[in-house]
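In what follows, chain A forms one complex with chain B and a second complex with chain C.
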Partner chain A sequence: MLDYLVSIALTAGIYAIFALGLNLQWGYAGLLNFGHVAFMAMGAYVTVLLSMNGIPLLPAVLAGMILAGAAGAFLGMATLRLREDYLAIVTIGFSEILRFILLNWSSLTRGSFGLFGYPRPFQDLVGIRDYNLFLAGLVLAVLLLVYMLLETLARSPWGRVLKSIRDDEAVAISLGKNAFSYKVQALALGSAIAALSGSLLAFYLQYINPNNFQPIETFYAWIMVIMGGSGNNRGTILGALILWGFFSTTRFMEGYLSFSPTASSGARMVLIGLILIGMMMFRPQGLLGRKEELSIGK
Partner chain B sequence: MANEVLSAISVCKGFGGILALDHCSIRVEEGDIVGLIGPNGAGKSTLFDVISGFLPPDAGSIVFSGREILGLPAYKIARLGLVRTFQIPRSLMRMTVLENMMLGAQGQAGERLYIPLIRRHKVMAQEKEIREKAEEILEFFDLRRMRDEYAGSLSGGQKKMLEMARALMADPRLLLLDEPFAGVNPALADRLIERIRILKEKGLSIIIIEHAIPYVLALSDELYVLNKGRVLASGRPDAVISDRRVFEAYLGEGA
Partner chain C sequence: MEQLIANGIIYGCIIALAAIGLSLAYRILNFANFAHGEFLTLGAYFALFFAASLDLGFLFACILAIAATAAFGVALDRLAWRPMRSSGANRTAIMILSIGVSIAIRNALIIFFRPDALRFPLPVSQGINIGGMTVTSLQVEVVLIAIAAMLLVHALLSRSTLGKSMRALADNPDLARISGINVDRVIRCTWAVSMGLAALAGIMYGLITHLNPNMGWSIILPMFAAAILGGIGNAYGAMAGGIIIGISQEISTAFLPAEYKIAVSFLIMIAVLLFRPRGLMGGG
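So, the complex of A and B:
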């Protein structure tokens, strides 16, 4: 039972960090990032590859974050002067291009065989038996830190400018705010946070391969953000907890049903789809979102 | 002679085959209110878009506070003290009235990504100052009691007021008001005229686009009439308004 709770804490915690990066971009800045998983993959691969080559873990994690942040900023600079949906198209393309590069650059990534046997933080100190428990603690600490960082920013003048861009970019510009720069900043910071979650995911899985980073992962993050309430950091964390709770309990129930594994994973997605549709009908603002923010204006 | 705040010279802007602005020139003296009228499609809002940097002109020159601003990005023009409002009120619907106001303040250290994380006290102190200023201006526009409401829940007239109030937060030197009286009920409009006069007395220069001619006449020191992208007439309001050509532009030739 403890193992079960620890595994939920780990996956939900890692995905909560991942989704918090997206919530900054979508919930606060209104940016359509459909390739969020690419930055998670960058974090995971950069950390693992550097640490396998003798770089200590902390700098390896930071390098992944910086690289992902730079990539996010670059994609933003290339597309944000165009209409907003171009960012969505370019980011989803980027995430698939990156996955195929990881699959095919075998000399570096070992392709679909994946990477394993890489260092994990404090693995000698903690020992293998309690390692997941330790890692869950680490993940929750990082989650708390990221949450506090984002809450501070959301309540700051910086966050206010971001929200104004989400509501009406022309107003922000007319009041002297460089909207373009703020959008690039939000993309860079959100991508760096996704990279951090990627490093943690690599530590947890002990084995990474490019197919861990399919586009569906991006949309899991979207489900978490929308379910919890866009622009609400606590909601996003709740969304992650609910989605992973749902995944693990339904997996648990599979034993009692006579579905084949493919059918049951399909049924699970159908169920999530139905829940989301129901939510859009009866609680469109998300679990913790504020209704006024949806019903006013327009 | 008073100082010149703005001088737009021979500005041209075409959309496809249509010349929205055709060698249009306009100047504003320090502390003056300049009225801008003309039939629909005369190019008034386009002129605002060009002056404020939201649209690049095809030709011309725009000098603000002695500096050529043509080609500067819109946000930089706003920072220089040339602030515009929009014809259709653009409140930030999902932000409160107070948040809308506080956004307008210039020179906020906390708008840099890292400052709120490392200089919390400085940011908090500045926020307090900005909040006090915002409440003062809201009071001036009778909006203070609405400060915690979502801007999206205000009435049309209140949104217009909020937009003007928010622009004032930026301490503009020249304010461009695009139809400030549209959607404002007559009782409120009279109070708005008083307030605009007070702003003028404080030294603010203003250009007003307005269809309601009586309000423009009540406020303007100078009046420009635009028609088909050109300045049809300009000068003292009473002289301009009795010009036969202005009459014809509105009602058609031979009217």
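So, the complex of A and C:
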């Protein structure tokens, strides 16, 4: 039972942190980041590569966050003066290019063999037997911290300006707010949060591979954010739990259905696609979201 | 080098056909359609299915596949895009929906055809030598058909009433509506044209490489790069953009490992967005 709870805390918790970063960008700022997984991958790879080369873990994690934040800011600067679809196109492209680079830069990343045997926080102190329990606690603590940070930000003047830009950019600009700079900041901060979730994922998996960071991961985060209610941090965490429930239920059902593994994972992905379509058509505000807070569909 | 340019033109023609459909949809339906890659894949698999199940020759199977993909596009408009339009959802919601469509189609194909690479049931075509470049007769046919399709699109847009209505709708939807244009019909036709071209591009891509359920998704980036380079929404720009992207990607393989060629389209796209976001041929 405890093992079960620990595995929920780890998977759903890490994905909740990942999705909270997206909720800041999409829910608060209305930014279409379709390449969120790239920033998670940057966090994981930078942390692992630096720590394998003797850099202590805390600076290694921070370096990943800073690098991912800078990448997010750069992509924002290239596109945010244009129509919002360009950010979507460029971020989705970035996440694919990054995966190609990780796959092919073998001298650094060992390509599709992946990286393993890297340090994890306090692994000598805790010992291997209780390590997942410890890591689950760490993930929940980080989740709580990120959640509190985002809630504080949402209520701060910064968050209110961000929401006003999302709702009516012209009004915010006419009040003297630099909408472009606020959006770039939201993009950078959300990307840094994704990088943090990537470092935690690397600690949990003990093995990272470029194919852990497929484009579909981005859309899992989208489903979590939209299902819970865009702009609602608690909703995003709920969304992460629901999606985790979806995966464990469908895996459980696989045992009773005589599908081949490809067919059942294909069927699960078709369902994911249909969930995304259904949510956009029938309940774009999600479970806990408010329609007025939505940057889509007036 | 000549060989790389020849390969680039062949690949570029396919990207161009795909990018025209993407650009048309963007201009007239006003959103970036992330499911466009899957429409290529769908076209290719329809052709494979018809070629295997009907005994009517490969050419006829292709024509049937293009028609089937276009019909699928019209049905999808009825089921998804039109309800979204009439509920007043804006384009970001429709873009997210297009991601859902893309995931669903790609994985439905994985279920029905398995994820393995497949080939069209055609004999291997012989290489011929033109001015130091080796091309197969199949590749020459691909380029010729692509050029014919582009001329057809040009005729459609500039000469036909449908083309004029499409342009009117793109410029000013309200004005188009009150001047008696049947907006829903024009949108259905746009989907049919866009998806018909996508199917053609998908079949050609399958002919020069192979088929797998990921084939369309894997070239969505060059497609968008071509459309943006040409000025998104501009069909002629998309043609030019496609050829330029195709040639640049192939030439890059002379200096870089071939795995990175898709990164070349990404860099071109970023450069265009930074320095000339309207693209080469203006547009909106």
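The rule we apply is simple: the second predicted complex is superposed on the first by the 275 of 298 C-alpha atoms of A that agree within 3 Å, B and C clash if a C-alpha of one lies under 4 Å from a C-alpha of the other, contacts with A are read in each partner's own complex, and residues count from 1 in each chain.
The rule we apply is simple: a residue touches a chain if its C-beta (ideal position, glycine included) is under 8 Å from a C-beta of that chain, and two chains touch if they have at least 3 such contacts.
Owing to the predicted nature of the structure, the values given are computational and were not obtained by experimental measurement.
Chemist: In this superposed model, does chain C or chain B come into contact with more residues of chain A?
Modeler: C
Chemist: What is the contact status of A:283 with respect to chain B (first) and chain C (second): first, second, both, or neither?
Modeler: Neither chain B nor chain C is touched by A:283.
Chemist: Just to be sure I read the superposition right, which of the two partners does A:149 touch: chain B = first, chain C = second, or both, or neither?
Modeler: first
Chemist: Counting only touches as set out at the top, which of chain B and chain C does A:110 meet: first, second, both, neither?
Modeler: neither
Chemist: Is A:85 touching anything from chain B or chain C once the two structures are fitted on A? First, second, both or neither.
Modeler: Touch status of A:85: second partner only.
Chemist: Taking the contacts chain A makes with chain B in one complex and with chain C in the other, which residues are shared?
Modeler: Common interface on chain A, chain B vs chain C: 296-298.
Chemist: Residue numbers of chain A touching chain C in their complex, please.
Modeler: Interface residues on the chain A side: 30, 32, 34, 78-79, 81-82, 84-86, 88-90, 92-94, 96-97, 100-101, 103-104, 216, 219, 222, 226, 262-263, 266-267, 269-270, 272-277, 280-281, 284, 295-298.
Chemist: What residues on chain C touch chain A, complex-wise?
Modeler: Going by the criterion above, the answer is residues 31-32, 34, 80, 83-84, 87-97, 99-108, 110-111, 114-115, 220-221, 224-225, 228, 257, 259-260, 262-263, 265-266, 269-270, 273-274, 277.
Chemist: Within their complex, state which residues of chain B touch chain A.
Modeler: The touching residues are 52, 54, 73-76, 78-79, 83-86, 90-95, 99, 102-104, 106, 108-113, 115-117, 120, 123, 126-127, 150, 152-153, 166-167, 169-170.
Chemist: Under the stated contact criterion, what part of chain A meets chain B in this complex?
Modeler: Per the touch definition, chain A meets chain B at residues 149, 152-153, 156-158, 160-161, 163-164, 166-168, 170-179, 185, 189, 292-293, 296-298.
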